[in-house]
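Shared between the two complexes below is chain A, which has chain B as its partner in the first and chain C in the second.
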Partner chain A sequence: MFRLLSKKLRRWQILSSKDQTQTKPDRSPVYLSKNLEGNLQILREVLGQSSDVIIREMKISSDSNVDAAVIYIDGMVDRNLLNRDILQPLMFNLQLIKDHIRQNHSSLIDFIKSSVLTVGQITGTEDIDRVISDVLKGHTAILVEGVNQTLLIDAKGWETRGIEQTTNEVSIRGPKDSFTETLRTNTTLLRRKIRDPRLTFQSLQIGERSKTDVAVVYIKGITPDSLIEEINQRLKRIDADAVLDSSYIEQFIEDNPISLFPTIGYTERPDVTAAKILEGRAAILVDGSPMALTMPFLFIEGFQNPEDYYAHPFFASLIRWVRLLGFILSIYLPGVFVSLKAFHPELFPTPLLVSVAGAREGLPFPVVLEALLMLMLFEVLREAGLRMPRSLGQAVSIVGALVIGQAAVSAGLVGAPMVIVIAATAIASFLVVPFADIGALLRLLMTIVAGFLGLFGMIIVQLEILSYLAGLRSLGVPYLSPVAPLNIRGLKDTFLRAPLWAMDSRPASLNSPDMRRQSPDQMPQVPKTESNQGGNQ
Partner chain B sequence: MFLEQGKISNLQLSVLITGFVLGSSVIIPPGQGAGHDAWIAVALGLMEGLLIAWIFTALARQFEYKTIIEINSLVYGKILGKCISVLFIWYLFHLGALVLDNYARFFKLEIYPNTPKTVLFLLLMLVCASTVGRGIEVLARCSVILVPLTILLIPVDTLLLIPHIDLNDLMPILDVPSEKLLWASQGAASFPFAETVAFLMVLAFIDKPEKGPSAVSRGLLIAGFFLIMAVARNAAVLGPMAVITNYPSYLMAQVIDIGDILTRFEVVVGITLITMGFIKISILFYGTVLGLAQVFNLSSYRPIILPVGILMVILALTNVGNTLELFEFAYKSYPIYAVPFQIGIPLVTLIVAKLRRLPQTGGDQV
Partner chain C sequence: MKREPCFRIYLAIILVIILVCLSGCWDSEELNKISIVSGLGWDLDPDTGEVTLTYQSIIPSEIKSTSGMDGGGEQKGGSALRAIQLDQDTGASPYDVLNRFTQHGSRIPFYQHTQVYVFGKDGAQKGIYGFLDTQARNPVSRPNALIVVSEKKASDILGIQDGMENIQAFGMAAEIKLSAQFSKYPAVTRLDFQQRILSKTTAPIAPIVGIAEEISSQGEKVKRLRVMGTAVFKEDRMIGQLNERESSGLLWTINKIKKGFVIIPEASLEIVRAKGEIVPELQGDQIIITIEIDEESNLVEYTGHQDLTSDILQELEKGQAKEIESQVMAAVEKSFALDADVFGFGEAVHRKYKKEWKDLQSRWDEIYPNIEVVVKAKTHLNEIGDVRKALLKD
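Entry: the complex of A and B
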């Protein structure tokens, strides 16, 4: 069903791309001249009259004819650094530079680079496009009269949000830091967790206008090369105007263009990202987004939570089952209630049937309509609660609680059992966050089908969903693995969470070239001698 | 010709076979003719089924796991081979319609008396067709999840029914006349065990061909074990009623009572059993469309899914007039009708292939 739709979509896409005859303009690179004034002219033209572009001209030698200019964008450059390590050395070393010019004029720019400036990252270039793009990135460019080269200095510095506590994925025992909007901060957070020299941040720029920095993160030798290649291919295909968040990337590189279920995971936690990379996955960090993408994302990951690995294995396994149960409840409960009420009332235990039937006495709507009404009302409340300014949010929840909980029942619009069912569903739906969105859709679908065909319809829809999931892939890995296709060793981290000392290999479904995670015989043991003596006495 | 790129593991093959065999046989248990000795008939049928499975896996192995369509063309030549292939495809197609009819009729009779039968047919067919469209791999993955979950129902049912089990109902053993027993066991062999001959279309896609035969027999044995358990339990719980009722497994679930809270959940049992039917119909449907595509040299079987699916629904709707006719066909005619397809085609093809020393070991056929 979905394939048909996606085929239509693709055809439509191909048709529309045929109309679009314009291609990217293919310009040959423009190089700098030796004339400072001319170079500045070009730069002024390109960068326009923006008030944040600063072009500071100066003299750098006591000879009158050696001018220079520093170009940067105000607000994207660390002012302290600029003043102390770039402007000051340039302008205070008049004599030094003059001496140098007298001896050897040709390598003036190299001299400045090697002996004058006291900053870390400096590169030289002749390509004017590169100068413009780097200045827009926050670099500082230095142009000197008589030299057809420019120095680009990385002196970026701007106001950022600091590293804060996680807000969406809270854990009790684990680390509390979360990613920020700055790519460099995020890479640092990861580097500090994995000090392996093979940890690689492979960066590229995406977005015709936004020119967003994107970094693919992986560990060489653990992440399969084919995966990296595939990710790179997909990333290179993106030809978008702007990438404002990592979710933009997600939508462009997903396996299934209109997938119902997420096939790429996201997290705000560095520890989760590090763990996934260590399992043999790859991550993508996007500048300007506090969410890292992890891939491949499998169905079972939706039920895993960082807390699982920090908590006791038995408890973690129990919570896994609770999550699974919550997910199942959140999708099926209203549908099951509706189909029991409408088609199979004999399945209710008799006392319950009596009370349910009694509660429905005199209600105006059929049970499906009642369920749909309450479900929609819940979705409305949820959305309102999310989007409202925080000060108004409380009013919404009070009104919601009153309307749903009390007024609707006493006004005779819905029965009290239905309220309980919907409330339980609503709470259960928050247990598995990655599938909360799709859960809401499936819930509505199941309820409607249950109203028409009872349990039979529900199981037919369920079979279709299962076969859809079984056919889904995330970067080539079957979505339902390690359950289907079955991999017994992979089951250590699915329905049960084995103790950490027992998880000695990486998940097999990810095809990591280096399967060994740790040595296999690490079960903690009681020292033999003492315990034996204790037992004998 | 590569119509299917997927590969299935041997474990998945076993699970598929288990699901396939239990398909409609959990609803209409085989061996009814033998009365309370039905379970013996099923056991004998299982042995015959294993023998037949041995024949067709030997055939598949002889030709390095090609589908029966390709084998027929090699053995009998193009024209005769295709004629025989069409006959075989007809069997799959007809059997698919029968299973579909079985299921829809069961739901119509027992659970949804007011729902038009066509709706039930169409919905079941739709989900099978969409799965077949996704390929054998997807179907195999679904089966790995569905079959174990559904099979669990049989031992759980049995456990819950222990208070109602009266082993005296199974006595005296071997009470029925032997010709009646043999007839019932031939019935049990032809439905459901030997129907696995449909896997001649699937065996081509397993990833460890050298262990193919053991995977097939493992699947058959597991299915046989649970089927014998179900049939014996039916007789022990329902007594003489087991032979009279149309759907004993379903009727039996009505008896289950857990502390007066969980009662009457035969609906749940009945509906869960769809999953096995889903696998059986999908395999048969898959064999039909893949076979047709191979016979007519199509580059993909996907375009014919919709028309063949509709034809199957129409056949299922018009095949038999009423339920009694269906049972009459299933118990009286089918055990003979199925013989040429289940034993005839594979055995004759195998013998002809041996006589003609096919496939030639020149290595020119890849």
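Entry: the complex of A and C
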């Protein structure tokens, strides 16, 4: 029977894959001609009749026969800059240009570039596709009659959100700035944290239609070259319509096509990104997304928090254990409770069993159903609270608290112990944010399995998950490292957080070519001077 | 393009779904489908040989109401039962009764949390093997449940509301454990009992619980449970019992003294640490057993009117040792009279004289009463409290 099923599945997969074999149309580049009118014609055709495309034609010489055109997209260029440094010089230097044309017409474009325009970044090109893409990026193009070249001026300027406080990854002591939607702002934030000349932003464009700028960030000599190569290969393979957020990239370059656990991390914090890059990871910044992707992402990173490194090591270690415990609770607690109640009541301590049995009296549904009901109710409330317009949010929380907390119990739908279990689970599930989504899925799975098979089933599923995790890789790095495969030196930043002076090498599992992070003997010591004999003031 | 992992996951999902659905929940025991048996009573009619089992089950809804906001409101006076229900059935063997019971109960009895097995004295004198086998064979029975012999019928004992516990059997178990903790009577789990039966020479023991009448605060007569002795078994038959003093002697010997007091004339001493050891010696055909007891205690009560000089302290120590020795000797004499090796002398000899044991074991019943027993108690007074000089002098 299984063979039949597997055959069917395989055929279905092959069939579905056949539809996707269209290839990218291959076009040879089109070049500009010397005819301004012709060039404009082509551009008009391509850019269409969009109202935001501005083609400003003008005469730039007192000889009326030298025409020129400036092309830009309204709203994407800095108008002040455009007027003051592009249009004004072009149109006020009529005599100068006329004089130049008399001497040498062909180098007119170079002359404008070198002597007329007072802006920073100017490039010349003959490729009409390049012109179009750059104009769409926010550049301003200048075309001149009789010249088969165009000048592309970077005078981008549009409304952006400023750098604001972190909203998702809050820390008490650390820096409070977060990434914004603008790629350049984000790269600046990173550059300001790491002033190493070897910090590299390697840019490329992804998206057939969106043409989104994507930057791979790494430090040469710390991030292994093989990792960069692998990332580039995966990025180049992407042939998507649009990349609207960094999560689009994430889904295209993950190791495991339908991974349950995230194998690529994300963060909105520049300090976290910088720290990960300095550990030998690479980051990807995507224009339009305030989240940086970091990779490889290991399981243990889910339990690390920027605050860990700013707080005292002992406290950070304690909190890390709390997070581990919370994660375990959030996945297993309802399942364990259900299986104890439905299959193994002997495992309850006797007084607890008596009170649980008391609460169970007269309830209409089996325990599994009760647990699933409450879990779903919680997910519904969570989702509603998240998506509701902010002004309505309070209504949800009031109703939720009443429904989940009091009414369900007094109405005799669910037992009070179940409410406590689900509430504890719900709160625990928010401790480890990267795994909150998968945690919700696993929790449901565990509860269902517990309802059918008890602890026995939960153990089977757990083994399955563990073997799955052990086989998972993030850009070639085993997902469970440094725990499995075990690396004793790498454990400094897993279950305990060692003091910063003790973490003198980069994580070994990341294979950084430069393992040395700092000099190893930096433990703070009491200075051995005579004046310090008392030990304290 | 690799398609294998994808495909495998589909297959795994299908397999898991099939696995889960096919197995169903056949083993499920919802809490509102079971009745938790807190105590089990066993009585044997000596004439007919019929077994009567008494089930003490917890009524969960009662627990709920008493732990809730209106809890304790309906104080049922005196000996009325709280939160438990008694059911009884009679049959040829324990399982015959169990089998019958399912016919008139609404819920399946759940034995995993049973705390005490109470045996009626009359039945226990005939032998409790049948019941013991049922419990030992069945994995749902707790090995750490307590074995109790009841002075009257087991069903009487299980029906008496006692102490502060809502669930009577739990209260009884707590009472026995407390008496064992203060070294009055032994607390014997099913496992202990089985081990003693298995050792061939050692006699099993169990505390005896009886009913005592007390006057309640309202002036009514109420029945209360009371631990009153230690039952001594020969194999599975109860053959006699030890009184309070003899029970203490037994506990000293088998090293089960934890807390408690030694009362001597003019003084009471609180036991801090105690150790009992059985040292056997084989001299020709004669077995000499030395019971060595090491004890440390604090003085908690002194009714004499003298200052506590070191002489007097020494005297107290000596008096204490004498008291312990006499307790132990009382137990020894009683056990000789019953010809039951409650101390496990046989096992001690076995451990030391492995070769000779084969011969001795077969004749143990004859040998036992002729063993020479020497008791050596060493006592040490640790602290005497904050009063060194007597408050009142003669």
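Just a few scattered comments:
Assume the second predicted complex is superposed on the first by the 510 of 537 C-alpha atoms of A that agree within 3 Å, B and C clash if a C-alpha of one lies under 4 Å from a C-alpha of the other, contacts with A are read in each partner's own complex, and residues count from 1 in each chain.
Note that in this section a residue touches a chain if its C-beta (ideal position, glycine included) is under 8 Å from a C-beta of that chain, and two chains touch if they have at least 3 such contacts.
Please read all numbers here as calculations on a predicted model, not as lab measurements.
Model built by superposing both complexes on chain A: chain B and chain C fit together without a clash.
Of the two partners, chain B and chain C, it is C that touches more residues of chain A. Contacts of A:486 after superposition: chain B is touched, whereas chain C is not reached.
In the superposed model, chain B and chain C sit 40 degrees apart as seen from the Cα centre of chain A, a figure rounded to the nearest 10. When the two structures are aligned on the shared chain, A:451 is found in touch with chain C, with no touch to chain B. Residue contacts after overlaying the shared chain place A:470 against chain B, while chain C stays out of touching range.
By the touch criterion defined above, A:346 lies against chain B and chain C together after alignment on the C-alpha atoms of chain A.
In the overlay built on the shared chain, the residue A:459 is in contact with chain B alone; chain C does not reach it. By the document's definition of touching, of the two partners only chain C reaches A:257; chain B does not.
With both structures placed on the common chain, the touch criterion links A:478 to chain B but leaves chain C unconnected.
Look at A:361: by the touch rule set out above, it reaches chain C but stays clear of chain B.
Our summary of the superposed model lists a minimum C-alpha distance of 5 Å between chain B and chain C. For the contact definition in use here, the residues of chain A common to its chain B contact set and its chain C contact set are 343, 346, 350, 453-454, 457, 464.
Considering their complex, residues 1, 3, 343-344, 346-347, 349-350, 453-457, 459-460, 463-464, 466-468, 470-471, 478, 480, 483-486 of chain A touch chain B.
Per the touch definition, chain B reaches chain A in the complex via residues 9, 11-12, 107, 111-112, 115, 119-120, 123-124, 126-127, 130-131, 133-135, 137-142, 144-146, 260-265, 267-268, 271-272, 274-275, 278. For chain A in complex with chain C, the residues that touch the partner chain are 2, 5-6, 9-10, 13, 17, 256-258, 341-343, 345-346, 350-351, 353-363, 366-368, 448-449, 451-454, 457, 461, 464.
Contact residues on chain C toward chain A in their complex (touch as defined above): 1, 3, 5-7, 9-12, 14-16, 20-21, 23-25, 27-32, 34, 36, 58, 60-64, 67, 110, 112-113, 115, 140, 167, 170.
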